[in-house]
Every structure is written in structure tokens, then in C-alpha cells.
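Heads up: the structure comes next, in C-alpha cells.
Just so it is clear, A, B, C, D, E and F label the chains in written order, and each chain counts residues from 1 on its own.
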Amino acid sequence: MRPSGRAPHELRPIHFTRHYTQYAEGSVLVEFGNTRVICNASVEDRIPRFLKGTGRGWITAEYGMLPRSTHNRMGREAAQGRQGGRTLEIQRLIGRALRAVVDLAALGEVTVTLDCDVIQADGGTRTAAITGSYVALVDAIHNRLKKRAIAHSPIHGQIASVSVGIYEGTPVLDLDYREDSTAETDMNVVMNEAGAFIEIQGTAEGHAFRMNELQAMLELAKNGITTLLAQQTEVLARN
Amino acid sequence: MRPSGRAPHELRPIHFTRHYTQYAEGSVLVEFGNTRVICNASVEDRIPRFLKGTGRGWITAEYGMLPRSTHNRMGREAAQGRQGGRTLEIQRLIGRALRAVVDLAALGEVTVTLDCDVIQADGGTRTAAITGSYVALVDAIHNRLKKRAIAHSPIHGQIASVSVGIYEGTPVLDLDYREDSTAETDMNVVMNEAGAFIEIQGTAEGHAFRMNELQAMLELAKNGITTLLAQQTEVLARN
Amino acid sequence: MRPSGRAPHELRPIHFTRHYTQYAEGSVLVEFGNTRVICNASVEDRIPRFLKGTGRGWITAEYGMLPRSTHNRMGREAAQGRQGGRTLEIQRLIGRALRAVVDLAALGEVTVTLDCDVIQADGGTRTAAITGSYVALVDAIHNRLKKRAIAHSPIHGQIASVSVGIYEGTPVLDLDYREDSTAETDMNVVMNEAGAFIEIQGTAEGHAFRMNELQAMLELAKNGITTLLAQQTEVLARN
Amino acid sequence: MRPSGRAPHELRPIHFTRHYTQYAEGSVLVEFGNTRVICNASVEDRIPRFLKGTGRGWITAEYGMLPRSTHNRMGREAAQGRQGGRTLEIQRLIGRALRAVVDLAALGEVTVTLDCDVIQADGGTRTAAITGSYVALVDAIHNRLKKRAIAHSPIHGQIASVSVGIYEGTPVLDLDYREDSTAETDMNVVMNEAGAFIEIQGTAEGHAFRMNELQAMLELAKNGITTLLAQQTEVLARN
Amino acid sequence: MRPSGRAPHELRPIHFTRHYTQYAEGSVLVEFGNTRVICNASVEDRIPRFLKGTGRGWITAEYGMLPRSTHNRMGREAAQGRQGGRTLEIQRLIGRALRAVVDLAALGEVTVTLDCDVIQADGGTRTAAITGSYVALVDAIHNRLKKRAIAHSPIHGQIASVSVGIYEGTPVLDLDYREDSTAETDMNVVMNEAGAFIEIQGTAEGHAFRMNELQAMLELAKNGITTLLAQQTEVLARN
Amino acid sequence: MRPSGRAPHELRPIHFTRHYTQYAEGSVLVEFGNTRVICNASVEDRIPRFLKGTGRGWITAEYGMLPRSTHNRMGREAAQGRQGGRTLEIQRLIGRALRAVVDLAALGEVTVTLDCDVIQADGGTRTAAITGSYVALVDAIHNRLKKRAIAHSPIHGQIASVSVGIYEGTPVLDLDYREDSTAETDMNVVMNEAGAFIEIQGTAEGHAFRMNELQAMLELAKNGITTLLAQQTEVLARN
């Protein structure tokens, strides 16, 4: 039995709030149960140095947690003067995942930054951040299309992400904090709308996992992501 | 005429949402119009080095803005590796203002940190942060009283804060961004429930201000703060 | 009775030494009693990025304390790898105050940096720094006029600064360290030659201050600043 | 055809040099073809703060590249004042992988640090680092057993790591730089001697990969790791 | 002919002002011509970690230049967030030189920090700093003797320092900035009262120097230091 | 008797391995006994800001030690976020020494960086680094000559470096760690092929050294450097 009473293949309630803040070109509050992440997409007329002269744009991400998004207060990274390894790892993952579905040449010479700030953390903050950022990115691109800054959308695919793991011997979908903190295996999966993998990051926390366990987890992930993709589509269909 | 259509002595709509996040001992979303700040109060069993052995506790604050809380994206301070001068100035002000109404000896050997994170900025973020932090602090102290960690509240006063300024020659209360960015004078005032001053910070941006202008601004501030104090009291009276 | 034996409205002996060092375009050692601050004005042919293309110049300030300017040795900020919040707050104040009397367009595309380094601290270092920096700035501008780099002085006003506070229940002027460290209220005031306010920063350290106390302090400040302005004028009149 | 002429399932020549430097408790130069990494295991009588009082030890890793281990000189991280995101990500991976086969309670209150320094990089530096660090760790533990600091080895498993990917449409094993820089998919796999997974990190660089491609890559990885484990065993069997 | 008109073996006018600031246990303004350095000696009841439990004390130094101590304004190291290599090199030299004449066991468990801050730089700041710091250190130790914190002085020797170099083919003593910036060779020498060397740091700037040139420079240094030692003795003999 | 059994004037076995890594324009592993340093010379098409427009190039150096190049593990400077004073001092010395034999105008607008990374430290790492860097620099310049990037070598001299000291009262050459850690005097000398000095850095660790001791040490250094220069010449003569 999962602490939350959910079935192994059951997602938490998922919610997207578009236009959450008023300035960002795309702004989404995404909720995976009690996990709440603000995903703001900012479009800026600048490109990183290594792209100068290529005509291509860039998609990048930054991630942060409010100090008291967690059970115990974490030190504020700005006050500590450096972002920790976990933060850098997550923001690299978010940027990489989104770039997989964007034609950077068609984007034009702009940088889109996805700022993912965790208001409340109950497991799965990076998967919620990726899933919400996709929606924020689409809104930011729509904004550019509406302004006729570009003629066609450079987004050529759709992505969502979910965590899977093995909790008390059972493969489960979308772990919350209570599961995550004791899971034997923890895996984050990013897939596209064609059911193919963009990213797999699996770690044996308790014991090494076997091929059949891997396959059971990937099956759960695929089903969860299918649902998430449908929910993204639905929320984006609203005006 | 103010850009918002408000009368010179009129506050923006003020709103407090208590228990905004689930982990912090006190958690308040405060809204001064479109300015939205999360104020989380965390109680930790540690004290700064300079208080070791004194039996006293400490109240401190940290302040941050989400990168896209503003019209244009600001660099993330954690990524830049340092907090800017404005950030340090504001968080020092918030901490100082709250310490003015707390008996640190009666608080016991704990540190209460007020994390003020700006979700959306439309002027007056520091005054909203102080006003909301007071409510979060009271909730955090109630939490300690309920747990019987302390027998009596160490809070011996009530504070709120508002900005005043001179906009197109007229003294006005609670400036929004459009006013703030062009005001000739900008002043932040913190007062207590007895109508006395905790902090005054006034800056001539355009032209130097005279004693009669100062007095007009302080009168506006006093009235605005009286209203804010009443709203704090009302929201704290709810269960 | 004040520890120094001064009357409540009495300034400490004030002294300005112009041309204190040989390289800076303006160089002043300012003394407020035992408080000694070197104020060096440097004119450089560069402007900050945000002014590029505007034709305007910039006035800025940096502040530091020698590690043993104080009773106990403070850590050297350069060795600690960061300037503290108090330092940043003070240098922002100094720059802001001086910009209030300079026409940045008439200044031309240069940056004037006021380096205020405290050799010995006995209270009031920031007010001494502002008051001395004004003299250093005037000398630096004279230097530019003499070189015919500009035709007219861009300085359109005069400023000085002093601290006031409430010490053992009495409003007093120009607090020294012994007063400052126990004062119930501490306020720094910057005024111009027309008797108008450029900046007011007042903090209740012990108990909140009432409107009549504020007025008494501002009256003391006004008188003190009138004297300081006259002394600046006198020292600048010498060759 | 692979640029190196290797068959898709073929590893590069693998070489371990034990006792490579004279001070470290375990010191291994590991070579995967032209990729050369020094793995030094240091045992120190200290434990991280979060383990104080638990009686447990810790295994951690640090990773670095000599500035000219690569085609073009990279900036030295020590001179830049911070380790990059990639560095932090890799050293977290190495530490996590090794902790998976060590009983930290049986290790005793020491920290073992694996310093992995890349002398020459030709793809697969992180998998070489993990594979070489395992050998260095065993040597460091043998050293402690010989000194009778511990009675039994806390190492309860064996790990090795290799990269796999899809290069010009074909799944290949142990990518060198020429393959890595153009591969459509890149995956790093850590497995134990029982053929179970410790870590999987797969990224679609060019196009998303499908389940059958994933399985082909994991099969290659398993065979490669079986060979690497045998080579570790052989080199450790020598005196 | 030297730019200053001095003879090759001639020192600049040397001046020591003891008790220059009021808080430091030893405080000396040292002047070598236009080079002016404040040397403050602070005695603190703490020792570095590596001396814990040894009963020994420590002598260390920190060095800084006011931003406008030089012809052109240098960036403030505190603002840049790091001390440069030259600064670290000089402060290591000053500390090492002074430790050569102090019995650290007899000093007791205190740290004496020599803060050397350059007010005006005209060549030879490090040699002035060493020479002035010796006087400040003696005053700080006298202060401890007077307070009976120690029974006997731990200072067992006397040191002074001067620069020598080859300027336009001629060996010269105590180079000023105009000489220093074009000298072919630059050497800093620290000697004790017995005429033996504590430190020699010589660098060929223009062309390599030969043994006979080295000897000529060392002879000049010895004579200059003899004079400096006599002047230290004289100034310390005054009350 | 020296701990190693060497005669006072005897160098340790010296070995140079050219082309040690495959990417650098010059790459040398230099061994002075058990001291092993990789010296990589990188040529890059950029020059420092202060040389813009002068047509001149630049030679610089960076120095680092692997954390376990020493008896006890040292903290990794990249992880600590700053290079220590000793590191900066050494890399400044290496760069300065090499610039002494290069005509920077003839070098052309490139920067050559010598990365000296210590794999194993047994005393004399900086002298080995200088001696090995000279060989790496020559190889890098040959590389440029072969590519016809320049027509003539800008190297107009040859340098090598060795340490000397006074160990148990006897002047000795090329100190190893056991000698270095207890030597009364430690001196690093850089000389050119004409027997003239490029750099002398001597420090009295135990007692001040007299002129005759200085001369004995310089004599030893000269003989040692003569041998090192010959060995550089020999290894460079091989294809």
C-alpha cells in the first residue's frame, strides 16, 4: 500500500495554471499533488556566445527551491554564493529536454529561459518542472507568433516527464516525498508524444534493479506520460 | 490623477493568505495589488554565534525576487553567486523591523527566519514583505505556544509598513511600479500600533523635499498603516 | 550629559584636509572628531553599461573600513571575498546623495568614483563620508574645468550630512561611538543648501520614536548641516 | 563503420595501472583507449557533519580535467572559482555508484574520497573514472585491512561502467570522442557483478530513442561491463 | 642620474609616525618618500587551527592598497570578491619576515595581525610595509608587556627591508615608481640587525643579472637596511 | 648525510617525457626524482586585454596540484572556489621566468599558457615546473614554426631552475620533501644559459643566512642548472 493510498500506476492530481504571473511570456503554475512549481518562460533578444553568427537561438533553464519549500529550511543558494550540484544537474536536465523538441534555427536569435521555482516540494519537482515548462514554452512561442516575430512555431514535438521507482518491492508511478525518501530505486523519465525516450535517469538507492524491474518501471512511466501529455494538450486548448 | 485611478490616500487592495505553504511554521502570501510576496517564517533550534551563551534568540530575514517577477527578466542571484546591494539592504530592513517588536530573551534560543520571496513585483515589495512577515511571525509564534515550547508570546507590539512618495507634485500612498519609477520622492515607513516610527527611509529621487512635504507624506503613511494593522488583526482573528 | 561633554546640539570638531593624497583628482581627509575618512574622487573615461549612448556620466561611491579602524579588528572584506550588507548600503547611500546635486548630462561621459576609506571610526562614518565626498567631488570637477574638459560645472547644489539620535531620552546631534552604540534612535540626514531633504534614514533601536521626537531630531540635523555646509564653503574658498 | 574501425560491440583496449602514485591509499591509472584518468582513493579520519554520531563512514568523489586534456584548452576550474555543472554531475555519479557496493556502517568512521583526474579525454571519462575508482577503492580497503583498522571488507559487490550509444543508426559500445560528439543517443550504464543496474543515464541527443533501441544498448552495455568486471578482477588478483 | 636626483646609494626621506590610529595595539604610519603605508598591529586571543594545542601563537599579515593610492584607480579587491596574486604574495612575505624574529612559543596563544594599508604608492610599498610593521609589532608587544600578559618580549631580532635594482645600468637603492617601472632588475631584501638575510626576492625584468651585479645590489641593500634599522631604533626610543 | 644518500651537490635523477599527452602543442612530463609534473603548453589565438593593439603575444602559466599528490590529501582548489596564495605565487613565477627568454613581439598575437599540474610532489615542484615548461614551450614553438605560423623562433634564451638550501648546516642542491620540510634556508633559483640570474627567491626558515652561505648556495645552483640545461638540450635534440 502506498502512503497516499494511490494504486501503483496512479498519478497524483495534476493541475496547470496558465498565465500565473503577468510579466513572463509564458507563465505556468504546475502542481503534481502537493508539489508546486512556477515555470516562467522569458524570451530575450540575446544568444549565448557560442551561438554568435549561427542564426540559431537557445533554450535554457534555471531551477531553484524556496528555502522553506521543504520540511526543514534549506539554505538559500543566493546567500551561500553558489548553486549546489543537485540544482545544476536539474536545470541542465530541464534545458536539454526542452531543446529536444525545438528547432533552434527556426526559433531565431533569441534565448528562452525557463525559470522553474519550487514553491512547495513533495517529490517529483524536476518532472513537474519539465512538464510545466513545456506548457510555458508553448505559451511563450504563441506570444511570439502573435507578435509576428516568427512565422511558424519552432516546436516540433511534445514532452512530459514523470518519476517511477520501486517502493517496498513494487514498481510505482509518480512518487511523493514519503515514497521517494525510502524508495529502493528512483527513475526520472522524459518521453515525447511518439512514446520515445528523451531522457532516462535511473538510480539504485537500495538495491540494484534488474532488467524486468526496469521494464516494469518504463511501462508505468509510459502510461503516466501519456496521461500528462493529454492534460497538457487539454490545458493548452483552452483560450 | 494616479495611473491606477486611485485617490492619493488610497491603498491598493490588500490581501493576506495564511497557511500558504504547508511546511513553514508561519506562511503568508501577501498581496498589495499586483505585488505578491510569499513570507515564510521558519523556526530553527540554532542561534547566531554572537548570541551563544546569552539565552536570547534571533529574528532575521532573507529576501529574493523570482527572476521574472519583473517586467524584464533579472539575473538569478544564486546563479550570479552573490546577493546584490538592494537585496541585502531590504533583508536587513525586514529583520530589523520585526526585531523591534519581539523580546529576544523571551523568544528562547531559536532563530526565526522570515523568507520573503517576491512572485510578482508592482512596487512596494519591501513594505508588503514587512507587513506580511508580521503575520507569518505571529503564526510561527502561535505554533510554538501551542507546542508549549514557550509559555508566553515574546511579541510585544504590532508593525506594518507602507510606501509614500511625491508623484507629479502630489503626496501619494502605496505607490505602484508606474508611480514608483517616476516619483520625485520615495519613502518607506514602518510604524507600530501606537503610531510611533520604527523606521523611516526617504530618498529624494527628483528634487529635494521640504519639511511640509515630509509631514504630508508621514500623515499619509500613518493612515495607511492604521488600515494595514487593522487588516492584519482581522486576518489573524480568523481560525 | 553626553559622554563627550558636548551640548546636545553641538557638533564635534570638524576638519577637512584637501589634496590629502597626490594622485586622485579630488582627495579629502575629513574628520568628525576622532572619525577620520579619506574621500578620494577619481574621474575615469568610462561609463556604466546602462548609460551607453545616452551622453550622460555617472557618480558612484565605494566604502571600506580599515580592519583596525574599530575597537576590535574586523575581518578584511577583500579577504572574506565579499562586501557586507552594511558596506553596500552605505556606498549606495553616498552615491545617491551626490548624484542628487549633479547634472549627469552636463558631467559628460565620465564616471566619478568616490572612494571613502575609514581610517578611524568613532561614529558617523557615513555622514562624514558624504560631507567629505562633496568637497572631493568639487575639487575633481574643478580639475576638469581647469583642463577645459568641460565648460561649466555640472554641480547644481551643495550637500552635507550628519547623524542625530535620541540618547538617554534627549535628542542629540552628531553621535560618537559611545552614544551611537546605546542610542534609542539613530538617524542619518542628508540636506542641501536650501534646507531641503535629500535622504532621511531613521531607525528605532530601543523604542519607537514619536512625531515630536522626529521633529526635534530633524531640527538638530538642520542646524548641524547648516554649519557643515558653511565649513565646506570655507575650506573650498581657500586656494 | 566506426571511426576507430572497432566492431559495434567492441571495447577499446582497457588498462589499469595500480599503485600509480605513491601516497594515496589506492591509486590507479585507468585507460579506456586514449582516455586516461588517475583515480586516487584517500582515506581520512573524518566524516561529514550529517553522519556525526551514526558510526557510519562515507564514500565520495571529486572529478577534474586537466585544462589541456581536451582538443582545445578548457579554463581551469580553480582559476574560474567554481566547478561547472558537468563536473558536479559527474562527481556525484561516481560517489553514488561506489556507495552502492559499500556497507558504510562496516566502513567505520572514515571518509574515502576518490579523486578522478582526467589526464587525457577521448570520450567515456566518467565511465573510466567509475571503473578505475572501484579498483582504487579495493586497494584502499585492503590497505585498511592490512593495518587491521577494520576486520572485514565493507565492500559487498563489484561495479564497472561503460557508455553505449547510437552512432549513425547503429547501437555501439564504449564511444570515443569522435563518436560521442555526433552520436544520436548517449547512455552511461553502471552495473554490478550480478548483472543488475546501479545507474542508467540516457540522453537523446539527435532523436528520441525507442524501447527496442534502449534494449539493444543495454545488451551491449551488459556485455561490455562483464568484460570490464573480469579485467578488474584479474588486475586485482596480481600482487 | 636618478629621476629624483638622488645618489645611487641614497634612501628617500624615511619617516615613522607611531600611535597613528587609536585602537590598534601598535599603529605606525611609515613613509618612504611619497610612499605611505599604515601598519596596524592587532593582538587577538585566537590562534589558527593548525596551532591548536601547541601553546604557540602566530604572526600574520594582510596587505591592501586604497583604490586611488596609484596613478590610475585600481579596482577595489573587496568589490571584486578576491585578493589578487600580488596582494597574497606580499602579505605572505610580510608575515614570514616578521615571524623570523619572533619566538612563537614565548608569544603565547595569541595571533598578531599586521594590517598594511597603502595610502599612497610611489614604489617600495612592500619594503615600507615590512619596515613599518616591525615598529608596530614592537609597540604591540610592549603593550602586552605593560599589561603583564607576558613577562618577556618574544622578539629576538630586528628586521628592516628595502628594494634595490638596476636602473639604466646602475645599481640603485630604494627605487621610486619612476625607477621601478623601468628598472632592468628589481630586488627586495629583508635583513636583520646582524646583517644576515631573512629574504631575497630578485627578478630580472629587462635582462638577466650577473653575480657581480647581484653583489653590488646586496651591498646597497645592506647599507640601506643598516640606516633603516637605526631609524627604527631611534623612533622606538622615544616615549 | 642527506636522507636520500645523495652528495650535497647531487641532483636527483631527472627525466623528461616529451609528447606526454596528445592534444597540447607542447606536452612534457618532467621528473625530479619522485616529483612528477605535467607541463602542457597551449597556444591560443587570443591575447590579454592590456596587449590589444600592440601586436605582441603573451606567455602565462597556471599551476595546480592533484589533491593526493601529497602525503595528506589537500583540498581541491576548484572545490574550494579559489586558488591559494602559494599557487598564485608559483604560477606568477613560472610565467615571469619564461617571458624572460621570449620576444613577445616576435611571438605574434597569441597566448601560450603553460599548465603545470603536479601528479606527485616530493619537493621542488616549482623548479621542476619551470624546467619542464621550457621544454614544452620549445615544442609548442616548433609546432608553430612547422605550421609556418611564424618564420623565426621568438625564444632567445634557455632557462632552467633548481632549489638549493641549507640542510643541517650544509648547503645542498635540489632538496626533496624530507630536506625541504626541515631546511633552515630554502632558495629557488632560475638561471639562463649564460649563467645569469632570472630569478632568486630565498627565505630563511630557521635562521638568517649570511653572505658566504648565500654564495655557496648560488654556486650549487649554478652547477645544477648547468646540468639541467644540458639535459633539456639533449632531450630536445631527439626527434
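One rule holds for everything that comes next: a residue touches a chain if its C-beta (ideal position, glycine included) is under 8 Å from a C-beta of that chain, and two chains touch if they have at least 3 such contacts.
All of these numbers come straight from a predicted model, not from anything done at the bench.
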{"item": "Topological distance between chain B and chain C, in contact steps", "value": "1"}
{"item": "Chains touching both chain B and chain E", "value": "C"}
{"item": "Duplicate of the B-C contact set - from D-F, C-E or A-D, the pair where over half of the pairs recur", "value": "A-D"}
{"item": "Interface numbering overlap (same over half, different under half) for chain E and chain F", "value": "same"}
{"item": "Chain centre separation (chain A, chain B; CA means) in Å", "value": "33"}
{"item": "Separation of mean Cα positions, chain D and chain B [Å, integer]", "value": "50"}
{"item": "Residues of chain D whose C-beta touches two or more other chains", "value": "81-82"}
{"item": "Order in which chains appear around the ring, chain B first, chain C after it", "value": "B, C, E, F, D, A"}
{"item": "For the chain E and chain C complex, residues of the former touching the latter", "value": "21-24, 27, 34, 38, 40, 42, 44, 62, 64, 66-73, 76-79, 81-83, 87, 113, 115, 117, 119-120"}
{"item": "Residues of chain A defined as touching chain D within the complex", "value": "82, 84-86, 88-89, 91-92, 96, 100, 157, 187, 191-192, 194-204, 207-211, 214, 218"}
